[in-house]
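Letters A, B, C, D, E, F, G and H name the chains as they come in the text, with residue numbers starting at 1 for each one.
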Amino acid sequence: MKKKLETLIKKVAKGEISPEQALRELEGFPFDDLGFARIDHHRLWRKGFPEIIFGQNKTSDQIIKIAQSILKAGGNLIITRINQEAYQKIKNKIKNLTYNPQARIAYCQQDEPERGKGKIAIISAGTSDIPVAEEAALTCELLGNEVDRIYDVGVAGLHRLISEMEKIRQARVIIVVAGMEGALPSVVAGLVKAPIIAVPTSIGYGASFNGLAALLAMLNSCPGGVAVVNIDNGFGAATVASLINHL
Amino acid sequence: MKKKLETLIKKVAKGEISPEQALRELEGFPFDDLGFARIDHHRLWRKGFPEIIFGQNKTSDQIIKIAQSILKAGGNLIITRINQEAYQKIKNKIKNLTYNPQARIAYCQQDEPERGKGKIAIISAGTSDIPVAEEAALTCELLGNEVDRIYDVGVAGLHRLISEMEKIRQARVIIVVAGMEGALPSVVAGLVKAPIIAVPTSIGYGASFNGLAALLAMLNSCPGGVAVVNIDNGFGAATVASLINHL
Amino acid sequence: MKKKLETLIKKVAKGEISPEQALRELEGFPFDDLGFARIDHHRLWRKGFPEIIFGQNKTSDQIIKIAQSILKAGGNLIITRINQEAYQKIKNKIKNLTYNPQARIAYCQQDEPERGKGKIAIISAGTSDIPVAEEAALTCELLGNEVDRIYDVGVAGLHRLISEMEKIRQARVIIVVAGMEGALPSVVAGLVKAPIIAVPTSIGYGASFNGLAALLAMLNSCPGGVAVVNIDNGFGAATVASLINHL
Amino acid sequence: MKKKLETLIKKVAKGEISPEQALRELEGFPFDDLGFARIDHHRLWRKGFPEIIFGQNKTSDQIIKIAQSILKAGGNLIITRINQEAYQKIKNKIKNLTYNPQARIAYCQQDEPERGKGKIAIISAGTSDIPVAEEAALTCELLGNEVDRIYDVGVAGLHRLISEMEKIRQARVIIVVAGMEGALPSVVAGLVKAPIIAVPTSIGYGASFNGLAALLAMLNSCPGGVAVVNIDNGFGAATVASLINHL
Amino acid sequence: MKKKLETLIKKVAKGEISPEQALRELEGFPFDDLGFARIDHHRLWRKGFPEIIFGQNKTSDQIIKIAQSILKAGGNLIITRINQEAYQKIKNKIKNLTYNPQARIAYCQQDEPERGKGKIAIISAGTSDIPVAEEAALTCELLGNEVDRIYDVGVAGLHRLISEMEKIRQARVIIVVAGMEGALPSVVAGLVKAPIIAVPTSIGYGASFNGLAALLAMLNSCPGGVAVVNIDNGFGAATVASLINHL
Amino acid sequence: MKKKLETLIKKVAKGEISPEQALRELEGFPFDDLGFARIDHHRLWRKGFPEIIFGQNKTSDQIIKIAQSILKAGGNLIITRINQEAYQKIKNKIKNLTYNPQARIAYCQQDEPERGKGKIAIISAGTSDIPVAEEAALTCELLGNEVDRIYDVGVAGLHRLISEMEKIRQARVIIVVAGMEGALPSVVAGLVKAPIIAVPTSIGYGASFNGLAALLAMLNSCPGGVAVVNIDNGFGAATVASLINHL
Amino acid sequence: MKKKLETLIKKVAKGEISPEQALRELEGFPFDDLGFARIDHHRLWRKGFPEIIFGQNKTSDQIIKIAQSILKAGGNLIITRINQEAYQKIKNKIKNLTYNPQARIAYCQQDEPERGKGKIAIISAGTSDIPVAEEAALTCELLGNEVDRIYDVGVAGLHRLISEMEKIRQARVIIVVAGMEGALPSVVAGLVKAPIIAVPTSIGYGASFNGLAALLAMLNSCPGGVAVVNIDNGFGAATVASLINHL
Amino acid sequence: MKKKLETLIKKVAKGEISPEQALRELEGFPFDDLGFARIDHHRLWRKGFPEIIFGQNKTSDQIIKIAQSILKAGGNLIITRINQEAYQKIKNKIKNLTYNPQARIAYCQQDEPERGKGKIAIISAGTSDIPVAEEAALTCELLGNEVDRIYDVGVAGLHRLISEMEKIRQARVIIVVAGMEGALPSVVAGLVKAPIIAVPTSIGYGASFNGLAALLAMLNSCPGGVAVVNIDNGFGAATVASLINHL
């Protein structure tokens, strides 16, 4: 949408279109009021990434209308936390929609996102943490970043982590995803210089209390250089990591 | 006390003392009712370690009377969680009492405890965890075990831990003491065969919630082979480790 | 797998196979990278028990691939937390797989595990705790231990426990499984010398908070000699107990 | 005060005093408004025990004025949770005040309380639980009950409890006071017919969370026949037990 | 079963049956070991009420076998927390089984229970609390008590409660059942002399945290004379109330 | 019902009906005892709004009977927390019942409610918070208030909120509905003079702990002028706002 | 300050002072940046009450400088949560400062606050809740409201509350302050039409968890018409009540 | 120390010193074992910032010895969480030690830290949050970053924040420090492009639960681009922000 606006302004400047035409094009700027939702088309400029639809708790109808508003404004569409069933309901109403079931993300890129400067490494402790790691990885990619996936290298077998250290050290930012005791971000943080965004997952049972154990562990991380996002919030980690990688 | 009883029975058998004399000696067996406390002189036989006085929340007077009952019965005296001030109040009433201020333990050994079979390694994550580690270490020693202290090898600098692995692998049982994110037991457990008793400490602040973070992390430890005791319970870890080391 | 490696090395030594052949056999050592999982074939040597698949939160496909990697490397296969439905999906892809529905474990032993030295007693407080107790019992057996099951001897009827004390005292290690108020480990610990691994279960309702009540009770156990694992973690208790019983 | 009222009414009936005189005597009935407090002189009739002053969080001045109002109305005075320092400040303003420092109760009986029908047994798990047990015991006595104190019989040494079962079985109601894992009420409840009022105490540390562990354990007590009061609430247990013992 | 035993002993005394016959009849006394369960036939004598089956978390098979053991021993059968579906599965295997769907209790009385001395009032705050209130009421009746049900008299409309005070004051023991803010036991306790057993329910939402709000409120009840059982534990309240009513 | 009573009394005064007829009309006043429920017909007078049926946890049968009692007494019927399925079951038994699926409210107005003095603004942070906001909005309308809906103006895009400030400032009372971090009430409270009723919602995941995060945030709101109701309690917020708007 | 601004503007209009002089007077408007604090002199206009200093966690120096900035701008000074010791340190630096030790508020009124329309009733459950009730009462008075104090009318003795209902019904808004079980707001809400602001207090012990029990109870209040502020937040309740009373 | 090592290696290369001399200089590399602590001199290289002493829970003696080891190795000394009293005890043993009482940091820079690329903005919500903000600010400066302090711009008066937006938008990274409801990071995140590190503080009371409310709010932040560190962890935020600013 940024490009669209620049083009518009240049056209007006060159007299190619009248200001009235430009304004009609810009209807719904800086936000579009659908009654139940106000689409923040201005966000990409302010925040460095576009408004993204959090699919959970929204009806298919609401998702479709918000998506159409974003696409009409020329933006890139990213819908997170959308399951197979909801995707089936909306896919016919939105052209060129791609779905990644593991990451539970549907998306449609109309515009090339600005490229990040380095790589973002996404490290997961276990196989069960992969859906959250994939939400982070795909979001990073959709926001213009190159991603390195390094999965199932939890602290139970340190040699698996150590064997990947060279790759990990090449990352400009690191996202570490772990459930259970949430120890992996601390261990990685002791070994690298890159800032680490830690994502606790709800993987575990009993005294994991749906990810609380991992969350608390990560917040108490000793080595420094670690910041934390919400439980299972692969998306949130990706937004922070992408902003950092675009600096 | 076990020895005392054997001796007594042998003396009666040989006619060296009368049964009446023996019974007078055994007054207060199997427990001694002081009104406010019932000293369990039988515990050493049943449990493999003697009744131990938990000093916190007890008045000096209560400690003195329980201690005297234990010593009179021929037992070894161990008082845990006793601070300098309380020690000053009781030391004149109890002969041969030694005090270790870091471990907050006062003790008096009248009897050689049965020796454990191997070494117990006591590993601490940080310098601040040492009081709890010392409570564990000294208790282990008082219960007849050889101890290896390996302190300040937390996950923030893995090379410190790795450089001690050879020593750690020689232990028959391992006690790992850690506060903050409580990640060290998981890392150690991934590297050794010995059973691990993990002790969370209340070291930390904010979302450590006085050791809750470390406790939950340890309970969720991935690698297996780890069991946990209460926050700051160096003593409890030592009793389990000692029982194992005497198998 | 340990045996496999020894045999291999001996064959090379005798010139029966070339080093190249040996290396081809050892492909995937010390771990096998499946992309979504890294199988830690080295674990048996390091830890005394093999890598075990935690079935919950894994897809059937992931389980099958990890299982095949373990079996191909010559290891013993243990899959925990696998329900009937998941078992039905994988049983045709893995030869000789046995399933125990009460313990929710599927397994296939290619190799005789090293025998533990004594017996492990598994004590449960109530009938409803049996699935967790069975997870512990079967895991102990699969790791080479003889097991004594003593079920439904909770503190509501002490005479049921007392009548089994002789059997319980013969165990080298004791696993006590209890939900609700979680009092049984404390009572048993007051009566025996063996180290006790306590397993809180989520059995209960209301203020049991899914096992939190039993967990806290066990962590605060008075008599000493008790260490605790996660809620419903029969498997974890078994790994600790087995390591102890192999000392 | 009940007696006072009966006497008054009889005197009016006999014409010994005028209704006006009676009313002056009854000033402040059914409650006395001191501005900051309204003394509920009617409570003894309604509840079976008089209004009792909870000393904690009240100023010495407030305590003195409420106490004087109660005494003037002819009632029995009981002040709970009052420490030495507060007692020193008020003792000169209130005649015949007795103080029990262990129970932290100050009292002055002007009237013989109605006698309960049987004995109330007060059982404590440990020596450190005695202050709460004494608060319960003394309150029971002040409300007209005979009390049997059985202290330090926690589950770590069951033989201590068993040796007192005969005495315990003679009680009409039982109060069981325990901190740490709070297992004692469950064990006692499995052995007796009397209703049990369980009092968790804040004795413990770490995962006792100031008595939460004991509270939860008692609320989840298996055997039935157990009801629970607030942490450290010896007084509350006594009011329930006394009401039962007066049935 | 108590009667059965008395009859048996009398018959032996009169020579009507031989001791051998009597012993065969008593097989499984004082408990019956079914492998997965040990039926405590001795409980009625010790506790004043028989062993009662907690149906939740038990398989139909387990319930049937325990029930048959109890019935064979001549006892009264009470199965709590058993839903329609489970009841359908067991009803053909157990003769004369009655089911109360609101109370979720199945039962079969072979023996007249000893009668309690007075009435037990069961008070509920709201309509939604009735299932828990009915569990309490029916259990009280099955244990030999006369019950007065007073439902939907919560504090939102005090006049509803006040209009029933006369009936409430006639009860010897009162059970108060309430969810949400759990205020009703405090209000009732301020108005009556009878001991009150308070039952918090999980009725509510949001910050009720499944009954935690009501539980905490009841534990902090001001007026005295209130003791509390677990959330939704109508059964537990009934056991305490019945024991009191049998004093 | 208030009107009905006034009419009745006037008719009696004019001799149009006999007192006996009037009393028959008033049967069930001030409350109607259905056995499982006591309908508080008096509430409108006392509270300013009528008894409202909380549909959750009630059977269709119970709802129908309570509704019929309210309607028969001439009152306005409001049933909250009633889902489509339950509505389908009751709609044929209750004439003129309207259902709003988003607000999950069924209602039937027989009487014009007294009008509030100003407008109530209902502000929601996100699209997913709308069901709770609609519960508040419709309840406000049913209680006689004019409502302004301002949805999806959360703090992520302040310009959306700012653009509506003029409308918001015209409200006499403001209800702010927000999940996740619950920051919106604080921001609005810094900008307006009207009292704010904040409603946390359970929208969110992970460390939102079903609305706990939003609840705590709102309780800690800095600017003053904010009071809070239970999580998802749109109805409760509406009752407070309506009472204020009728002052 | 509002008056000051009006006067200033009128003077400029009349030519009595130059715009430059007016601006000098208005220096620090709409806020005054002290480096460590930005005084929001604009708040009275926006919010209906002035910026108020929360004294806790501020140094005496910071309080003095903020106070001087407020006074210089012509505003009314209110400092809450300021103890005796802090008051002693600041009183010489601020003229005409009055201190109320029970409410822990220091204040200096330079300007008559706008009067509220009716009375605000402040009801406290117990004597110990008075400091919080007084913080509410004095704040209400300083914000221009007439206040009725009704203290110690908790649910343990309902007749004390009932006897004050006439006075309570005359209030336009009601603040109810209660600790322990926090039941009083629900009871009052069932009896009156005025909106209720409930203030939980930290009075209590054990399972009151420093006011959590009362907070949860109030959030779950059944009758409707109740909104809640933070634990011990008498000040916050007063701001809401005052805003309502000024409508 | 990095420079020291480079210099050393160059000197050896040039033959200015012998390898033996170099090695003596490097004694204690990569870590220095003091028995109670192992100083990680290698950390600067691995992590981008040196080992920093967390002063809390350490004895003065321990701090002095660790500090001397760091200084001797040529490193920069930073001691956090050190109060006035502890500083007084150590200042004579460590040359050139500067103390900042507000930030509670003592430090001694022997080496110029590598400069960060842009500015770090430190924003605090209130005056009481300044100690944590200063810990962050001073740490950032000691790690080589230029810092912009913007204090007391909480959401209660948005205009204070808005007036600083230009300065805030110039920052490359932003640290937002807030207690109470913790809303500020969300508001700032909606307005800027820079990554935000949010620091909850323990400022507040009651339902702030020592910073838990702010922590949860920040973890649930809507706008994306926000990561969180532990409560009061100004230091941790600074390490992450500095790493980012050095990218």
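In this section, a contact is a pair of C-beta atoms (placed from the backbone, for glycine too) under 8 Å apart; a residue touches a chain by one contact, two chains touch by 3 or more.
Just so it is clear, the model here is predicted, and its values are computed rather than measured.
Enquirer: Spell out the chains that contact chain C while also contacting chain E.
Expert: Touching chain C and chain E alike, sorted by label: D.
Enquirer: Between A-H and D-G, which chain pair is linked by the larger number of C-beta contacts?
Expert: Most contacts of the two pairs: A-H.
Enquirer: Same or different interface residues for chain D and chain E, judged by whether over half of the residue numbers are used by both?
Expert: Mostly the same residues form this interface, as more than half of the numbers used are common to both chains.
Enquirer: When the C-alpha atoms of chain E and chain G are each averaged to a single point, how far apart are the two points in Å?
Expert: It comes to 50 Å between the two C-alpha centres.
Enquirer: In angstrom, rounded to a whole number, how far apart do the mean CA points of chain F and chain H lie?
Expert: Centre separation, chain F to chain H: 50 Å.
Enquirer: What whole-number Å value describes the gap between the mean CA coordinates of chain A and chain G?
Expert: Once rounded, the distance between the two centres reads 44 Å.
Enquirer: What residues in chain C touch two or more of the other chains?
Expert: In chain C, residues 156-157, 189-191, 206-208, 212, 215, 219-221, 223-224, 230-231 touch at least two other chains, as defined above.
Enquirer: For this structure, enumerate the chain pairs that meet the touch criterion.
Expert: After working through each pair, the chains in contact turn out to be A-B, A-C, A-F, A-H, B-C, B-D, B-H, C-D, C-E, D-E, D-G, E-F, E-G, F-G, F-H, G-H.
Enquirer: List the residues on chain E that touch chain D in their complex, please.
Expert: 46-49, 52, 117-118, 172-173, 189-197, 215, 219-221, 223-231, 235-237, 239-240, 243-244, 247
Enquirer: Where on chain F is chain H touching in the complex?
Expert: 125-126, 154-158, 180-183, 186-187, 189-191, 204, 206-209, 212-214, 216-224
Enquirer: Considering the complex alone, what residue numbers of chain H touch chain G?
Expert: Touch residues, chain H against chain G: 127-128, 130, 151-153, 156-157, 159-160, 203, 205-208.
Enquirer: If you look only at chain F, which of its residues touch chain E in the complex?
Expert: It is residues 30-31, 35-38, 40, 42-43, 51, 54, 56-58, 62, 66, 200, 202, 210-212, 215, 230-233 of chain F that touch chain E.
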